[in-house]
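The two complexes that follow have chain A in common; it is paired with chain B in the first and with chain C in the second.
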Partner chain A sequence: MTNLKKIVNSTKETFVDIGLGFKKSFKNFINFFKVDKSFKSMNSKQKRHYIARKLKDGGINVGTVCFGLFTVAMLIWMVVYIFTTGSSTLTWEFITSDYTKESLTLYTGEKNYFEAGDLTFENTTNAEIFSEKWGVALENGVDNMQNNIVYVVHIEDGSPFNDFVNKDGEAVEISDNFYCNYLSVSKTGADFSQLNGSELTAEEMCQELEQSNYILGANFMTKGEGIKGSLLTTLMLIGFSLLFSLPLGIGAAIYLGVYAKNGPITKGIRTLIDVTSGIPSIIFGLAGAVIFIPFVNSISGLTGGNIFTGSLTMALMLLPTIVKTTEESINVIPKSLTQASLALGASRTQTTFKVVLPNAMPGILTSTLLSIGRIIGESAALVFAMGSMIGNTASLSSGYASLAVHIYVILGGEAPRYAAACAIAIIILIVVLVLSLLVKLISLRLNRFKGAQ
Partner chain B sequence: MLEELNKDNIVQEDKKFKRKELTDRIVKLIFLFIAIICASFVIFIVIFILEKGIEPFVKNYSLVEGEVVQQNIGLFFTNTRWLYDGNGGMGFLLLTTLYTTLLSLIISIPVSIFTALFIVRMAPKRAKPVIKTCVELLSSIPSVIYGIFGMGVICPIIQMAPVQTFAGNSILSASLVLALMSIPTITMVSINAIEAVDKSMINASIALGASNAQTNLKIVLFSAKSGIFAGIILGVGRALGEATAVQMVIGNNANGLGFYNPLNPGMTLTSAMLSGIGEASGIGYDVRFSLGIVLILVILMITSILNVVKNKMDVIKTKNSTSVIKKIGKFFSSDIAFIRTYFNDKFKKDSK
Partner chain C sequence: MIEFENEQTNVEQKVDNSANTLLDKEEFKNPENIAFSCRNVDLYYDYGEKHSLKNINIDILKNKVTAFIGPSGCGKSTLLRCFDRMNDLIDGCKVTGDIKYMGQDINEINTIYLRTKVGMVFQQPNPFPMSIRNNICYGPRCQGIKNKDTLNKIVEQSLKDSALYDEVSDRLDASGLSLSGGQQQRLCIARTIAMSPDVILMDEPTSALDPIATLKIEELIKELKKKYTIIIVTHNMQQAARISDYTAFFMLGELVEFNETEEFFAHPRDKRSEDYITGRFG
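Up next, the complex of A and B:
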């Protein structure tokens, strides 16, 4: 409770302070138009000089404020654009459905048509759109690309819709996630028309169904366009990349922070790690394609990129960040702590594992969070090192696209799909923003050692 | 009896101690080994890309059956079209890359310096951390999202220009996206540099009668210039190496003669590497590694030149810098001084 009060109070204070700040700026703004008391006693040259200086200062100040606000406005614009474009597409179904559409073509068996009987069906559900002649309830829906589609929500007992068979003549049950792509119907038996779910609303389709006497065939589809595969791939990628990079990075950081003495080897190691952090990600992608794909494939017998090549490449990319952050947190640990441990008779190894590592935990956590943010956002390297095919599930043996690569692929075609891309971008943005705020919080905790030193 | 026991004890202690030291040394060696592995990766990267990048010039590829192609070395430097069949020329890709980066810097340098100045010197006290956090968040947003923003917002804006454009996909939109991406990087480093400026210097300037704006511009920015330049170097590195966002908005025009006009679609080194990667095979795939070599060389060259400039800027660092850099600096400075005096004399004569 007290914590809540504190937070409320501090937010209140912040707002009051910001208000005061703006009041101050407003005062400065007003002061700009007021002239100095000594202005009257100046001669004309002094006056001209005074006015010129005032104008110049005002211009510089206004310019500085404008640039500062421009940067903030850019961030807000970007976030607002992505949230407004993508929020309607981002549903639970979008996250959990496959990318490719599954098509189900239905046949009418030996007779090649269904004929409507004389009897009418009664609506046993509370669905509003119901075809009494055929005994099916229809409903409007929207697919993951914001197109209108028609669902068959309920089929009454005894309706011909129960008798659909597949190509081999086996009975088929239409599950809930399939929508009606088209129905082939006929009014008299001699004519033929196709009722497309994407062109007609459920009401219109129902009317058409009531008017027709024969059904010749149907096609049902799943929504598709989902991101389940990419999401799972990204999660696996995060796991494996951290598995490969954390031990290496922490080991190197411990060497540099605990054991290293100033010398040519240490200097060389530091320089090379610095150089690694300056390499652009696409070069890492090339390196992954030329080093890790042949290496992993020769061991496992796979072809092309897969999760392991991608995560090894990402591990390479993450190493400098992990080494630097962890080393920083090791350097912050007070010397007295390690010295006390050594004085009590612990060996260097024991000190390293029982004093240095636990105290460097915030740094390791920070580097992990930073790494996760980087893996989620990386695209160029993964296109080369893992692959850009969008998959329905994640698997160890095949290199499917991660979330960022998914965005890159669906925006790269002839018709860019902004809504879906922005929906994925919302996920990435939220994860990245939350992670960087967490990192900020942890770094505040890390600062507690600074007073001790 | 007692002595013997003691002796035994000492021997045991000695053994224990030796074992401890042995494990210590082994553990240290293991960590050293890990550190050396981490550091040597960059060497492997360069060697492997070099090897693969030279292949298109040497190896024979068969595009069509019975026909053998190689990357033509002469055309690689002179051709004005980028092709994946062995006749592509990367000269204009290089020029477009540099041009795009330059355009983006023209936008991003003033914006980020003044943003940093605003955050440190002018923003209300409590609003300061909020805006600073905003900039930090902006720098952690991945490049694909900048790409979406470029495609969805910046390209339509460019399309509104009275000149006909390729659906807004142009060098200008690429450099705007790059500028947006490098602003947070440069701003963050500049904030640190400006915060490190000595308070007494600012106070002295104000005491001498300079206005706040004058102090900001002439004292604060001048003293922080080396730190700001470090940020600019980082920004340049990021802009040169950026692939996805650029590829999404630049239009990927393989014909390079129109690169001087910012409203034309273009192609940079990175976007040439990335475009059509899904279907690439044979020489069309391997030649991307040659472009990778060019990109590495360009980034190395530009950042090292900028670092030399920065070292010259920073007086204290020049003293500690290696003698080679010093010699290069001296060599150029004496030449430049000579040229300057020459032109000064000439100018004096002319004015007479």
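Up next, the complex of A and C:
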């Protein structure tokens, strides 16, 4: 409860800060057009000086305001664009469905066709588009690429649509997530045509059906294009990366912050950590490809990139941040606390685990959250170190794409799918936003020790 | 690095007790009475560059309050830290000479055992950022005491002994940091008592407190000396006079004078002690 309040407050503070900043800049901006009362009593030299200074200051002020506004406008524009483009694609189905489409080709069995009978069907549902002749209710829909599709939402008892069989002659039921790709129909029984779900609306298709007397076959498909696999892969990647990097990073931070004497070796390690945190991620990807992939494969017998190679690479990339943030939070723990612990007869290890680590927890959490943000956003390194094939599910043994890599893949190629990419971007943006709010909240806690010894 | 071996130790084997007027007294003759004894103790900081304690010879009597006074930087805290070997934690700090605890060389005593027997209260109240109860249980838990009843008894007894029980008994699970400065300092004393030590070292325990809180702690110290040996560093000479049985006066790393408190303040033998007491410097 109090935590919730804190979150709300810190969010409010952030916005108030931004607001105040704007107000101040705006005031400066207005002041530019005001003239001091003392201006009249100045001599000409003073006046000239006054005007020159005013222009210079004003120019700088206007400049900063303009640049500031420009930056903010760009950011807002980007976010608004992403949200407007992606929001309609971002549905629960998009999140939970497979990437590849599943196709279901239906046959009519021994007779090779269904013939419409004389009787008409009664619409027992409240669907608006209903073929009385065939006893099916249709509905318009859109797939994950924003194309129009047609669903068969209801099949009446006794309708020939109940009698479709698969290639092997077994009866099939058309489940809800399949849409109608095409129906092969014929008016006379001789010339047949295809009613294509992506070209016709449900209404048009219904009309065509009413005029047709024979159905020869059909094809149903799932929407596909979903991100379930990439999402699961990302979660798995986060899990494994943290599993590899947190113990190592925290261990190293404890070594540096608690045990290490300030010698040349420690200094060397610190410098190395500082330097590695600036290495571009593509180079880590390279390292992952040439070191981790052969290494992991020689142990596990897998081929190519997989979750392990990806998460080892990410772990390597995250280590400097984790070590640095954790060590910093260990360093702000007042020396008096560790001294008190030792003076009470606690051993060094006990002091580390009972005093140092619990109090470094905010720092460790912060670095964990920052790490999660980085894992979610990383693409370049993972393309090489894990893989860029979009999967329908996550798997330990194969390197499927993570969310960021998913964006990279669907934006490549001849028909970039901006809507889907924006939908994924929304997910990533929201996660990152929540993470940074949490980090802000935690840093409030961390401040508790600042200023104390 | 600088070689600093054998600078003092070999030159002077004989104990120089000119400053220590008490070594000949009856109570100090009986080794049973002595908690700590220092002989020819020298201490160097910064790998031998800083000579901070010079040939200290002093005995600390059991179940008495011994006060260390002297101008800032004279080495009071340094000597205090020798007694529970907290100086070991400082890089480049080296101690020579003999320090004995209950007749045993402290370098031969396991530091953890030594620190359970010799507790320390610091200048700034430094409770752990955890509940009052857990603050007190910290030491016993580190020694492997897990039984809840035992721990509860320890908490109650320590709080009673440190005169804090009435004030906090109804909020033992509140954070130790939520107490006032004086209460925090008494919590730190309670935390130390919970280890059932023999000796309590106090480094200016009241310097961060207001007069009323100070008074409470002083009363507490008078109460505690029935059970514990207490060594207290203080800048406040009235305080030393009020609560201590023996007073040691240090200057520039030397023990200038060590005497019974009344005698020390009434008839200081050394010119420097007299100047300090009368406030002519320091």
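Keep in mind that, in the parts below, the second predicted complex is superposed on the first by the 403 of 453 C-alpha atoms of A that agree within 3 Å, B and C clash if a C-alpha of one lies under 4 Å from a C-alpha of the other, contacts with A are read in each partner's own complex, and residues count from 1 in each chain.
The definition used in the following text is that contacts are C-beta pairs under 8 Å (C-beta built on N, C-alpha and C of every residue); 3 or more make two chains touch, one makes a residue touch a chain.
Source: prediction; values computed, not measured.
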item: Touched partner set for A:Phe240, first chain B, second chain C, both or neither; value: neither
item: First, second, both or neither for A:Val355, with chain B first and chain C second; value: second
item: Touched partner set for A:Leu316, first chain B, second chain C, both or neither; value: first
item: Partner, of chain C and chain B, that touches more residues belonging to chain A; value: B
item: Contacts of A:Ser347 with chain B and chain C, given as first, second, both or neither; value: both
item: Which of chain B and chain C A:Trp134 touches, first, second, both or neither; value: neither
item: Which of chain B and chain C A:Val432 touches, first, second, both or neither; value: first
item: Contacts of A:Ile283 with chain B and chain C, given as first, second, both or neither; value: first
item: Contacts of A:Pro334 with chain B and chain C, given as first, second, both or neither; value: second
item: Overlap of chain C and chain B interfaces on chain A (superposed complexes); value: 347
item: Chain C-facing residues of chain A, complex; value: 261-262, 334, 336-337, 339-347, 350, 354-355, 358-359, 448, 453
item: Sites on chain A touched by chain B in the complex; value: 13-14, 17-18, 20-22, 24-25, 53, 56-58, 60-61, 63-65, 67-72, 74-75, 77-78, 81-82, 85, 247-249, 251-252, 254-256, 258-260, 268-269, 272-273, 275-276, 278-284, 286-287, 290-291, 316, 319, 323, 347-349, 352, 373-374, 376-380, 383-384, 388-389, 404, 407-408, 411-412, 416, 418, 421-422, 425, 428-429, 432-433, 435-437, 440
item: Chain A partner contacts - residues on chain B that touch it in the complex; value: 20-21, 23-24, 27-28, 30-32, 34-45, 48-49, 51-52, 110-112, 114-115, 117-119, 121-127, 130-131, 133-138, 140-149, 151-153, 180, 183-184, 187, 211-214, 216-217, 237-238, 240-244, 248, 270, 273-274, 277-278, 288-289, 292, 295-296, 299, 303
item: Contact footprint of chain A on chain C as seen in their complex; value: 84, 86, 89, 91, 112-113, 115-116, 119-120, 122, 124, 126, 128-130, 138-139, 142-143, 188, 191-192, 195
